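Here come two complexes built around chain A, the first alongside chain B, the second alongside chain C.
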Partner chain A sequence: MADTAVPLAKVERAGFVPGVAYALLAVAVLLAIARPWLPEVLVRVPDWMILPYEGWFQWFFDFLKDDLGLIHVTRAISAVLEWFLDATANLLYGKSRWPNIGPIPWTAIAAVAAVIGYGLGGWRLALLAGGTSVWVSLIGQWDLAMQTLSVIAVAAPAAFMIGLSLGILAWKSSRFEAIMRPTLAVLQTLPFFTYLLPAVIFFKVGPTAGCVATIVYAIPPMVLMTTLGLKKVPPEVVEAGLMSGSTRWQMLRHVYLPAARTEILVGVNQVIMLSLAMVVLTAFIGMPGLGAKLLALMNSLKLGRSFEIGVTIVLIAITLDRLSKAWIVKQPQHFMRGTPWWRRNQLLLVGIGLFIGLIIVAQFVQVADQLTRGQDLSMGSEIDDIIRGALANPTVDAATSWLRQVMITYILIPFRNAVLWLPSLSIILCLAAAGYAVGGRRSALLAGGFFAIVALTGWWDRAMITVYAVFSAVIIAMLIGLPLGILAARNKKWSEPILLVCDTAQTFPSFIYLIPAIMLFGVNDLSVIFAIVIFATVPLMRYTIEGIRNVPAELIEAAEMSGASRSQKLWKVQIPLALPTMAIGFNQAIMFAFFMVIIAAFIGTQDLGQELQKTLAGNQLGKNLVLGMCVALMALSFDHIIMRWSETRRKALGVA
Partner chain B sequence: MTTLRTFTAAALLASSATFAFAEDSTDPITIPIHNWSSQIVMSHVVGKILEAQGNSVEFVTTDSQAVYESVRLGDVTMELEVWEGAFGASFRAAMEQGGIEDVATHNAVTREDWWYPMWTKEACPGLPDWNALNACAALFATPETGTKGRFLGGPVDWLKHDAEKVEALGLNFQVVNAGSAAAIWAELAAAEKTKTPIVVFNWTPNFAEAVWPGEFVNFPEWVEGCDTDPAVGPIPDKTYDCGNPANGYLKIAAWDGMKDKWPAAYATLQQVNFTNAQIAEMAKFVDIDEMEAEDAAQAWLDANEAVWKPWIE
Partner chain C sequence: MSAAEPVITCRNVWKLFGAGADRYLEMARGKSFDQIREDGYITAVRDVTLEVRRGELLVIMGLSGSGKSTLVRCMSRLNDITGGEIIVDGQNIMTLSERELIELRRRKMGMVFQSFGLLPHRTVLDNVAFPLEMRGQSSHDRRERAMEVIKLVGLQGREDYFPRELSGGQQQRVGIARSLAIEPDIWFLDEPFSALDPLIRREMQDEFLRLREMLGKTIVFITHDFDEALRLADRIAIMKDGAVEQCDTPDKIVLNPATDYVAKFTEKVEKSRVVHARGLCRPLNGHAVEGPSVSGDLTVLQLARQLVNEPREFLPVADTQGQIIGVMRRQDALDILLGPA
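Take a look at the complex of A and B:
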């Protein structure tokens, strides 16, 4: 309590002059006001200052690829990967490759999924895992789902191994960690199109490229969680290990890694979820499976059928998420000495038994082997008609076109024009001012500098359209998410289910969110914004609820004792104390929005995402990288400011 | 060493000699699929024909421009629809680098350009002349484009140079790219209900001609070099001051290793040839009758045995 007694005292920093932030802001505002009279040089970076970065990167890539022969190395790697992918593809959906024994009957896989579910979390998870399998098969999407899973089966273990090794290295060597951290930060903010093009060029179009992109995308959280877990191992455990005379390898294998088990498994959960999200997106570069089908159906605006695919993807996501989370919680089981072998491995035996049994059954019963077209229960075209009917309904149609007209004409377009009208320098100075206010000179340089680099690449206007979409969406998301979050947090009955919904929604692959947007608004800016809004509202709500619920009970009691009314308690105690946590939600919303706005290029945008999508059509690696870096730098600039603010604020408030 | 080398050389010779006459390799033939219906159905049609000959065939979804690089490297085996207007440039560039060859040309004649349905002409009678279109630009305005007219273009990865054309000819239009071909049809269907004037990107052969009668806008005629040399075309200092070719080719391209690896399949591919009507029919099966591409391919094969049977004999 002593800390919180002076919660709002300014934290003094060396060399921090409070006036500087205001001065920077004042200059920014002045420049904006003086815009009509400013010479062109001050409004946009003049052409002669824009250096041919794209050409340089292109030259560098070509040099790496052809002169140094990197392409032979990567093609050798993709040959190995392809061998694994072919093997899983043969087993899961019968692609004609070694070992030529697949496909495994769907009933056998469903049974094993149910047994794994039972082993990890009892009957409920058995029902979820088995039920999902049955649904996928009955709806006639088994082959598609297996095509997707055959890639995850290779990508997730690979990402796990690489992430774990890098995590251990980062934990051993602080110098390596110093390099690793910023690299990971950039990797996590790079738009996914930037992963795709190099993957295609270096690793061959199709599943191999998709697999590589997926692995790279899924590695960062694994590295971070491994390092975090290893650092948290209590010294007593380490000493116990040392006293028993462990070698270095034994220490790692039997002391550190088991002690960091929880964090590592959280990493595994993230790897699996990110892999699934990415595998769906790699449909853009020719990955077969659920993503490709979804892309094709959305391309032909068959919304009912894409809805069905969406349900399948969501079910698979929830199943994988729940299974891996149950694995985190489940502690290793230890048996009494002398327990017979079959008892210890009971579940394994049941699983194997069912697996073999069903394979034999499938030889005689065709339906147990696979459902062919016509046997499935897909209602896709019926749902298509229902959706089409509902949208053609005059009331719905009038409402959506009214919303479209009003939002676009009076809000979105004016906002976009305003952002485009502002001088670049104004925006850069604004960010620098915000940076200075939260973190002094270094933050000011980072936040402003990142945007200055974007200006220097010559892609400023496109970048501002991206920023405009991100902010319009995040502001709308806040208008929806914050009140809902606050309401939910104040009522226990509501907060639990809403948190559950948020957690579940966060596991959905982002591609899913495009479906309702296109359904309602067709092809325009509003549906882009709408897709981002649904995606970004989730973290805003989630962190608001968590922030308010985690306000220490003593403080609330103190407020109650001083006779605060319900609304005073909310505005004077809960919200101020929850703000740092809410800021994290805000930050995540912005990061999600930056991610989504690029995907929304699929709907049709005019921002960096559109240019990025164009690079996929050619082989312009240099341009692709420059554009990707622009997105990453802008995202990192906001990330830095918000996280820095949240951290200082937490310290000042004395809340953990 | 020398004996060994001669031996391997001889073995290689022998193997390549047998190759030329031997059966097709058992490796799968990879056929790329893109994002418009006729190409998807045609790929499945040809895939099924090759499978009937005993080849194994696999499909991979790729970008329609980047595919030429993949064909060149042998990552995919063939490309069945090389449209002159859309992919001529990528195809020529790949031909110059080597690894890809021009196998055959369909009978179909292609054209891709700005296009309007007939009801538009009632509102803007001067059409199809492009100057008349420009004069009625305000008729095509939407909330997104303000006072300018909207031209609904194809997906960005088709790399149409519409924005350059607007700039070069001083058109009072703004290019809005639809994310997919289907989005164009959806907008056309919506415009039909209220007979709203609309100008979109369209092409022939396509099913749309049968559903919505319409015309292409007549831009200044395409002249070779109009896209690269400012001096060519009516506006002396601009590139893209012209329409797309009005009688474009539709070719079949293949990896140049195909004829050695799958000689029989290659011989069939040389015979493959579709007409405008056949291609429009394939697109119709998917876009109007809502069949799955594979079923559409089967339906087409069943109905047109007389067309394709001679190719494999």
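Take a look at the complex of A and C:
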């Protein structure tokens, strides 16, 4: 209905005054120029104005915990969780708890993994799943990996069920969804330290707390995907269900949930991947497993073993990701009539047979049960020597030290000092100006307001160090990722494999990006930036390629028929149309960077992350939450500006 | 057939979309479609009064946005109406509780959808058995019954396939089989063949007529295709902007379009293919009946050869039992065949 179309831009920007954004920016610049003559009050929020958020949060949580007795509830939940965790721990690595039958021999688990792989995606996935198991065992990290997986085995199903239920609720009740959406947005930007400490305080230290933090961390995408999937069920399928006389429960059980299968399984994939990412990070609260080992090795600069663990984590990530993705696209197959039941359930039978068979074999053959120290093929120290040798090579060493020297002295430190030198008000106004330009008054208030809150917490300087790290890394990532993305997008032969690499790299737990950084640059600011750069380049490239490739073919043909040269086509047609999509990549890069900069705290940064890490040791819940809030608010502020811009731009261009 | 009692009765049915439509309804009466839209409401069904009689095939015809799909969804209460009342089998369906409504759908109604509405995760057999499963029939019973309807629509051998493994025409056969599984009294078909290729559509229409002949159900059939309507209908209701412009037999609509809007559809129609001898029939009124009669069920086109050579000015018309029901003026029929002189 063309006649009902209203000029979108006009409606959306009701109350938009064109000059305001510039005016705000001008004031910000003036304040910056006038910095040397400004009274201290205008540069930083003075001490007497700083609001005691810390105390408030602490009071609130103490109230919840002790006065309202929440601690008893959470302790009860802990007990249940612990029971499950003990059971999986017993089965997977033989912790002496009920049911006291573990550990299951590694060969049996490897065989089952391979059969599942075969069932979901044929020989290639069977090889991947089986091969990963064999690698983990041979390298001597079986127990570590099982410690990690035993938590995922509890956390992922729990996150799935909670996420699914919340998703259904949000779909049923728009009021609940209205509360849920911003909550999830905050949850997704909170630094992981802020998940960890409350988990430790409210749930028991150790695997239970780690498990809770993992569950909470993995829930948001499950909720979002469930709601999305349920909303997307075609109306006619719904009506067909209703006309068949389904009750409400039957509708949900037999119509909605099965019809939303794809989205729900995408949610499952994300739950698994986020669980893995978080479980590795729970090393910071002393949870045993791959993460803890990696953290310890990196702290003691044992690069060879770190590298091996990195490979293990990556392999596990790829395996879990591929298996769950294969499950998404797997469609049920029909059998011809009269197929006997053992043929229909062939794979299940093979799996059970192998499992039992190998358990029996393992009773007699020790290596089939577990590999002991000395039997593994770890080459940690040899790799260590090679890495050290390569890095000590005069040319490499000269290059890295030169890079370190130049970057730190001439670029990073000056940039950091500049950010710290700027008056708070100036930065707040800049963000407000950007907010106003993309979304009018409301966006200006949100973007500027969030930073103003950060200023009022008194953690401004630390926060600016975080922002500095994020932006220097994202800028470098753009310098690398955008040209590479554009190049890749122009050639189909390149774009496919690069997209695949990007997608795979995105499934790695963020922690492992620190390994090469520390290898190359040691422990300093540059390695932090380097780790963020690798991490953030991935989404930038990915979305650039996707944006350019999704430009409609007719438009390219139209440009070609208008006689555009290759570069004209790129700059006049492809890039303008790809910008909204590229902006999503930019946004993701920033979100990734915020996440990573906090993790890098253990390298010894000076930003909010460092302070956050300290709160873990001191059980300072109030401070932890304030700092977490600062990170979340800054991230949300950027997120809002970029996504708002991308959305309006998309509508203006009329591209989906 | 006209004496048959009504199965569905719509009295002054209104359906408005928009927030607070119930309260707005009083103001909407008397306003035009566009005026109502300016007030922020969409008129989907506007003051519709019609009856669907037992055993008849009523086609509701209209272009997209004319409210035809909404009207049929009101009859099955997939949509709640804003005003008026709808009586199905003597019950006002707006007063039914959720339980009773579910019961009504489980026992009496079947519906076929334009894009089939098949459940993608179920095989053909499980899709067809779905309504039976919902009402709690045992798995043996429902398998038996589902196989029966699958045979009826000619899909035997495909019962273990999944919808995605079937062509569009086959998928719609599954949709039809599903809607017939519970042996409904009332059969709703919402543009069942619109998503199919023209050749398949024709084949499915024939198939549909065969089923109709066999089952003798009360049918409400929705289409935007006037030719399809003419081909299938006992009566046609033509809708525009939510209101019924004319509701009558195909013959009468083609011969006497009630409004200019209806006339636009009938203009291009080859009338001789549509109009039956029955439609041109006038009362005897003392006319002497002479010679052999013609069957009222034949179209003017089918009678063309006879008409051209016919010496009589008035031809007696007989119904299916051979009873004389009136006479047809030869000139009237020729006018339709050749166009007015």
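Here, the second predicted complex is superposed on the first by the 638 of 656 C-alpha atoms of A that agree within 3 Å, B and C clash if a C-alpha of one lies under 4 Å from a C-alpha of the other, contacts with A are read in each partner's own complex, and residues count from 1 in each chain.
In the analysis below, a residue touches a chain if its C-beta (ideal position, glycine included) is under 8 Å from a C-beta of that chain, and two chains touch if they have at least 3 such contacts.
Just so it is clear, the structure is predicted and the values come from calculations on it, not from any experiment.
J.: Overlaying on chain A: chain B and chain C, fit or clash?
T.: Overlaying the two structures gives chain B and chain C room side by side.
J.: Looking at A:Arg404, would you say it contacts chain B, chain C, both, or neither? Reply first, second, both or neither.
T.: In the superposed model, A:Arg404 contacts chain B only, not chain C.
J.: Taking the superposition on A as described, I'd like to know which of chain B and chain C A:Ala185 touches: first, second, both or neither.
T.: After superposition on chain A, A:Ala185 lies in contact with neither partner.
J.: Touching A:Leu169, do we find chain B (first), chain C (second), both, or neither?
T.: neither
J.: Figure out whether A:Asn524 sits in contact with chain B (first) or chain C (second), or with both, or with neither.
T.: Only chain B is touched by A:Asn524; chain C is not.
J.: Would you check which partner chain A:Val419 touches, where first means chain B only, second means chain C only, and both and neither mean what they say?
T.: In the superposition, A:Val419 touches no partner, neither chain B nor chain C.
J.: Between the C-alpha centres of chain B and chain C, what angle is found at the C-alpha centre of chain A, to the nearest 10 degrees?
T.: Approximately 150 degrees at the chain A centre.
J.: Using the superposition on chain A described above, determine whether A:Thr247 touches chain B (first), chain C (second), both, or neither.
T.: second
J.: For the overlaid complexes, name the partner, chain B or chain C, with more touching residues on chain A.
T.: Of chain B and chain C, the partner in contact with more residues of chain A is B.
J.: Once both complexes sit on top of each other, what is the least C-alpha distance from chain B to chain C, rounded to whole angstrom?
T.: In the combined three-chain model, chain B comes within 46 Å of chain C at the C-alpha level.
J.: Which residues would you name on chain A as touching chain B in one complex and chain C in the other?
T.: Of chain A, no residue contacts chain B in one complex and chain C in the other.
J.: Which chain C residues qualify as touching chain A in the complex?
T.: 73, 76, 78, 102-103, 105-106, 109-111, 113-123, 130-131, 133-135, 160-162, 164-165, 175, 178-179, 182, 188
J.: Which stretch or stretches of chain B touch chain A in the complex?
T.: 28, 30, 32, 35, 37, 56, 58-67, 69-70, 73, 75-76, 143-144, 146, 155-159, 176-183, 185-187, 286-287, 290
J.: Can you list the chain A residues touching chain B in their complex?
T.: Touching chain B: residues 95-96, 200-201, 204-206, 283-288, 292, 295-296, 298-302, 381, 384, 404-405, 408-409, 413, 522-525, 601-604, 606, 610, 613-614, 616-619 of chain A.
J.: Residue numbers of chain A touching chain C in their complex, please.
T.: 234, 236-237, 239-247, 250, 254-255, 258-259, 261, 331-332, 334-337
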